[in-house]
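Chain lettering (A, B, C and D) follows the sequence in which the chains are written, and residue indices restart at 1 in each chain.
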Amino acid sequence: MKNRKGLSKVLFFLLLVGLLLTPCGTAFSQPPYKIGYTNCHSGWLGFMGSAWRDGFLLGVEEINAAGGINGHKLNVVLYDDESDVAKGVLAFKKLIDTDKVLMITGQNQSGVAIACAPIAEQSKVPYLGIGASRWIVAKPGKWQLPADPTEVFDYVAKFRVDAQTHVEAMYAFAKKRLGVKKFAWVNSSTAFGMNCKEIMQATYKLAGLELSAMEEYGTNDSDMTSQLTRIKAKDFDAIIIYSSDPAGALVYKQAREMGITKPIIADAPMVATPILKTLGQYLEGLYVCVHAPDVPDLNLLPKNVQPMVPVINKVRKGVMEKYNHRADWINAYGYDGARMVADALRRAAPDPTKLEEARAKIRQALMSTKGFVGAYAMGDVTATHELRVPVVMIRLGKGQKFELAE
Amino acid sequence: MSMYDQLLQFLIAGISIGSIYAVMGLGFMIVYSVTRVMNFAQGEFAMLGGMLSTVFYAKGLPLSFSILCAVLITTAFGMFLHRAVIYPIRTAPVFTLVLVTFGASIAIRGISLIIWGTDFRILPPFSKLGAIHLAQAVINIQALWVIGTTLLMAIVLFLFFEYTVPGKAFRASSINALGASLMGIKTERMGSIAFGLAAGLGALAGAVVTPMMTTSSEIGLGLAIKGFIAAIIGGLNRIEGIIVGGLTLGILEAFGAGLIHSGFKDVIPLLIFLVVLNFRRGGLLGDAEAGKI
Amino acid sequence: MSRIADSKESPIDVTPILEVKDFHKAFGGLIAINRLSFKVNRGDILAIIGPNGAGKTTLFNMINRFQPASGGEILFEGQSIKELSPARVAALGIARTFQILQLFSNMSVVENVMVGRHLRSKGGMLATGLRLPFTRREERNVFDAAMSKLTMMDLKEEAFSSPLSLPYGRQKTLEMARALATEPKLLLLDEPAGGLSTLEIEQLAQLIKGIRDGGITILLVEHRMELVMGIADRVIVLNYGSKIGEGTPAEIQSNEEVISAYLGEEF
Amino acid sequence: MENINRPRYASLALFVIIVIVIPIVIKSPYLITIGIFIGLYALISLGLSLLMGYAGQVSMGQSAFYGIGAYVSAILTMKCGVNPWLAMILAALFSTLMAGLLGMVVLRLEGHLLAVATLALCIVFYTIFAQWKSMTGGVDGMPGIPKLSIGGLTLTRDFHYYYLIWAFVTVILVFSFNVVDSRVGRALRSIHHFLGGSEMAAKSLGISPMKYKIQVFMLSAAYASFAGSLYVHWLSLVTPSSFGFLTSIYPLIIVTLGGQGSLWGAIIGAAVFFIVAEGFRALVPILKPGTSGEYEILAWGLMIILVMQFLPRGLVSIPDILKEKKTKG
């Protein structure tokens, strides 16, 4: 792995000797904790998967550097599902049956995650879902909002990238700060985008807003002018773009090129490092509903999320050192993934040789996570096995400077 | 914004995206006419063109020079691809060859992912002035660049085929490989030239659209499919046919997305073509021969 | 020639099996068949001769409906087949061979003939897929029938080899066997003697006579005179798609126009 | 005649034994799952093999019928509470019907036009699955599709479905062999213009090429539909992402990999396809730790190229090649 390069020659030599002498091959007193990680590092959502992986591996590294968990090294088995259901399911089963991991995390593509959640449940392997659609925690056929605590999988937990929270934050911001009455909506035709669309349709009236146009686009579309033209023809005060992929940034770019001057609000993926690196210069003036780690001046963060600041600083430092770029919320997210896992393992203190029992213990610990403080999420795992993620509204200023918009 | 302006806007969108499909289609045609292979790696050429340009540009080379390098490298690569992968099994069943090109496409994507990862990249617009306004409709200058480049390529190709010696030799070997070889034309070299030419065109197109639409390791296959459709619709044997094929595809997509539903963007043109193909077996402009493998 | 005399005595025989009325075919400006009319009598061997490009093969393609006629009418046993599909025409009892051999190289000799039994056997995709008892019986019958045809053409030994392994002459015979396997009433032979040696032509003549005596009417297109003059009851001479002569071989050989237009070259 | 078929029965017996033994030898649900995917794609590829290898027709749209099978099964069992087995049959009938109607349109085309027309089917149906939210559940698809049950036993475990799917494969393989050996099979080969058939001759013998092209197209649709139904009942989930463009390309790769014009080729091809793909997944991290996807993709692409270069007639041609080598050396 990348960090090997970082090790000094001496350490490396010792490690080699260790490898030769001991079968287990680490400096750790205890047998390692083997955990599975699968995600899409290629395919249309690849950029997110890789960013998540970077954060996740950073976290794992720090944990191991600090002597692991109660003397157990954290070993990660890592696969790419290439955003393909069949490949995802196979990878998931391989982790459970062949690699015999204690728990699994990853997968931000809904299609894949939805297919894997029941497998985790059936084979009693704790699964910490990320990204994806919220539905993965809920038992098949029991999908409605709010998820019913009695109808969620026992073994599946998830970070709550809660579209509802985001949408509501956007509404509030649009109304109060921008004085918006009528808004136009654009979303990507992915499970993620479609879910958000449903939530939007269900909630905008309550927020006292009017919907004047509703458009969508495919993830590999590169020309949005048709959709934007339709919007332009309508009467609206602001556009809300809801997308998890770069195409969303293209919508904004092309909207401005088409001379749409009204305020435009988008969701956190637009400030993902790869998007900013490429399209940042075109995103000036975009309002984004982001997560704590994306706020440049952490002192401006609301009181309730202040505890996260030190962790966020740690991620920023780590990512800058390891990958030398600005840490975005996805890195932080992955980093939290590692820390959630570690936290659960620490409290469960399972014996990796007794697989069944260990998995059950970890599940218990994971679901009863309390007062978790991460760089991305914080709080308790709820009755619906979800962990809340706070959001903040920012505005992209000149030179990709972020300004707190609230 | 009036209905008329909307339609105008859809038309502009359709033409600019359609001209990319057209170039892809031309790539398919050139390779097919000599090697009788449908080269699904065509889209990867566009990907390479875009990615390489961004790489060189990031290295600090001037934009035009970066694109030139990208095009040249991709051209060379296209020739290599033919020599190393296609030519050795030219006698194999057509479908085997087509699948080999699929393999090549996958491999190239893999290489690109290894070198450049999943990030997508962009180039600055070629000219500073932002956009032209036609009534309410807006034309992105870069779109004009794209359309212009496509037309230029088409014209150059046409002149090449009609008036240059290699071009004529090229045509000869596309009409009748055996006859051409009797005339002392090396069909092998012709094949390489075809691949090189197709790769170069693809790369240039890939580079020109990047400022508008960004590029990434993943864009290849999608473009290839559109180009394939454009080529078939255009009839696989006439430059103007392919151009019309590509533009039609793009325009129908834009209008489909604009007038019906953006979710059905990909479907509407195909449904129309399914109907058209039943009346014009040779595609929109081609003759029936094009239909035969 | 004697057969015409016979047919005069038995009136049933004179109703023609095939009647072509005012047939017309033009490719763009070029006229391939020009207002052609003729009758084929039951049990006859009718030969159509003419120089290359006289439109002989075109005529065949129009009779079994590979090409549509630009004009005119065609009756098989009194019924119009002008609008039917080639498959239907075959089903009615018209079989043919091809000037350029059209054997199935992806099948063995016997299988080629078995394909010829297609019309004479039953069993759709479902029935054959489920291997219903009757389909197995059918398969057996088809095989036997094919083998007997091969025996008749003495191709039995090569039954399981590839058709391409046969010498050219035998391949032609195989195609004939395949056509006969459909049990046609009318057999169209497109230049059966083409590329054959004089000896082979002798055998071919006997074979064709044999087929005719088996009760199958034969219409053949040919320009090898030694065959035509040997076996034909009547001969029609085409030139540039128009009929320039019709009659017994003897009459044709003495027909001035024909000789000038064509036979001159041959003799 | 029979003596032509005998070796076929021997190989069939061997095949059945192998299929039965595998799960007894290897217990890992993961490997069984690979077996399941091989089986599903073998089903689709058998149909495509008949279509390509025997009738000489290309189809880039088999995913459409795979999807139809999957969604009709899902919708009938979830929304109408139809018995899964009945639903499976209805699904097969429906996609056969669709294939018949669509076939009348697309099969009039040839070569590349046919390819693009069938590709269109793939894209059109994908869009229907993804967009018709009220019926198909949109991009989220429909979860919680009931498991199949035989008699009292509900099939929940992977190896249940392994055996079920491979039972289907066996039956369909035998069915296909019967078709190929029959007058229908000969009729198909007679119209296969790439592999030495002649439509002209076929017509002159009373065979209607169109009729048989459509029939095989329908048959291949039925095969794919069964695969789809089995897939959703096993995964108890259906999402459109399972029926995209690649799902249409995989069977093409499989058939060509295995060898056109050989039904065994379809099965061998499917097996090799998935075993190699998963092999790379296991191998790559060992060779180059910390990496994922991209190296698999590269290796995968190179493998297709190499196999096609050295075995253009597919894997089934290996014995012949060895024979040739023997006769030479």
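In the analysis below, contacts are C-beta pairs under 8 Å (C-beta built on N, C-alpha and C of every residue); 3 or more make two chains touch, one makes a residue touch a chain.
In this text the structure is predicted, and so the values were computed from the model without any measurement.
Q: Of all the chains shown, whose C-alpha centre falls nearest the centre of every protein C-alpha atom combined?
A: The most central chain, going by mean C-alpha position, is D.
Q: Compare the CA centroid of chain D with every other chain's and tell me the farthest one.
A: Result for max centroid distance from chain D is chain C.
Q: For which pair of chains is the number of C-beta contacts greatest?
A: B-D
Q: Counting in whole Å, what is the centre-to-centre distance of chain A and chain D, each centre being its mean C-alpha position?
A: So the centroids are 36 Å from each other.
Q: Just how far, in Å, is the C-alpha centre of chain D from the one of chain C?
A: Here chain C and chain D have centroids separated by 43 Å.
Q: Could you grab the centroid distance between chain B and chain D? Build each centroid from C-alpha atoms only and quote it in angstrom.
A: Comparing mean C-alpha positions, chain D is 31 Å from chain B.
Q: Using mean CA coordinates as chain centres, what's the chain A-chain C distance in Å?
A: Distance between chain centres: 76 Å.
Q: What residues in chain D touch two or more of the other chains?
A: Residues 130-131, 293-294, 296-297 of chain D touch two or more partner chains.
Q: Give the residues of chain B that touch two or more other chains, as numbers and ranges in rising order.
A: Touching at least two other chains: 113, 117, 263, 266.
Q: Any chance you could list the residues of chain A touching two or more other chains?
A: Residues 41-42, 46, 189 of chain A each touch two or more of the other chains.
Q: Let me make sure I understand the interfaces: which chain pairs count as touching?
A: Applying the touch criterion to every chain pair yields A-B, A-D, B-D, C-D.
Q: Sort out for me which residues of chain D touch chain B in the complex.
A: Residues 52, 58, 105-106, 108-113, 115-117, 119-120, 123-124, 127, 130-131, 194, 245, 249, 252-253, 256, 260, 293-305, 308-309, 312-313 of chain D touch chain B in their complex.
Q: Considering the complex alone, what residue numbers of chain D touch chain A?
A: Answer in residue numbers: 28-31, 33-34, 37, 78, 130-131, 133, 138-141, 143-145, 235-237, 239, 241-242, 246, 277-278, 281-282, 285, 289-290, 292-294, 296-297.
Q: Which of the residues in chain A end up touching chain D in this complex?
A: Per the stated touch rule, the residues are 1-2, 40-42, 46, 53, 57, 77-80, 82-87, 89-91, 93-94, 96-98, 110-111, 114-115, 118, 123, 133, 135, 139-141, 143, 189-191, 194-195.
Q: For the complex, which residues does chain B have touching chain A?
A: It is residues 1, 6, 9-10, 12-13, 16-17, 113, 117-122, 130-131, 133, 136, 138, 140, 209, 212-214, 216-219, 222, 254-255, 257-258, 262-263, 265-266 of chain B that touch chain A.
Q: Touching chain D in the complex: which residues of chain B?
A: 38, 85, 88-89, 91-97, 99-100, 102-111, 113-114, 117, 221, 225, 228-229, 232-233, 236, 261, 263-264, 266-267, 270-271, 273-274, 277-278, 281, 283, 290-293
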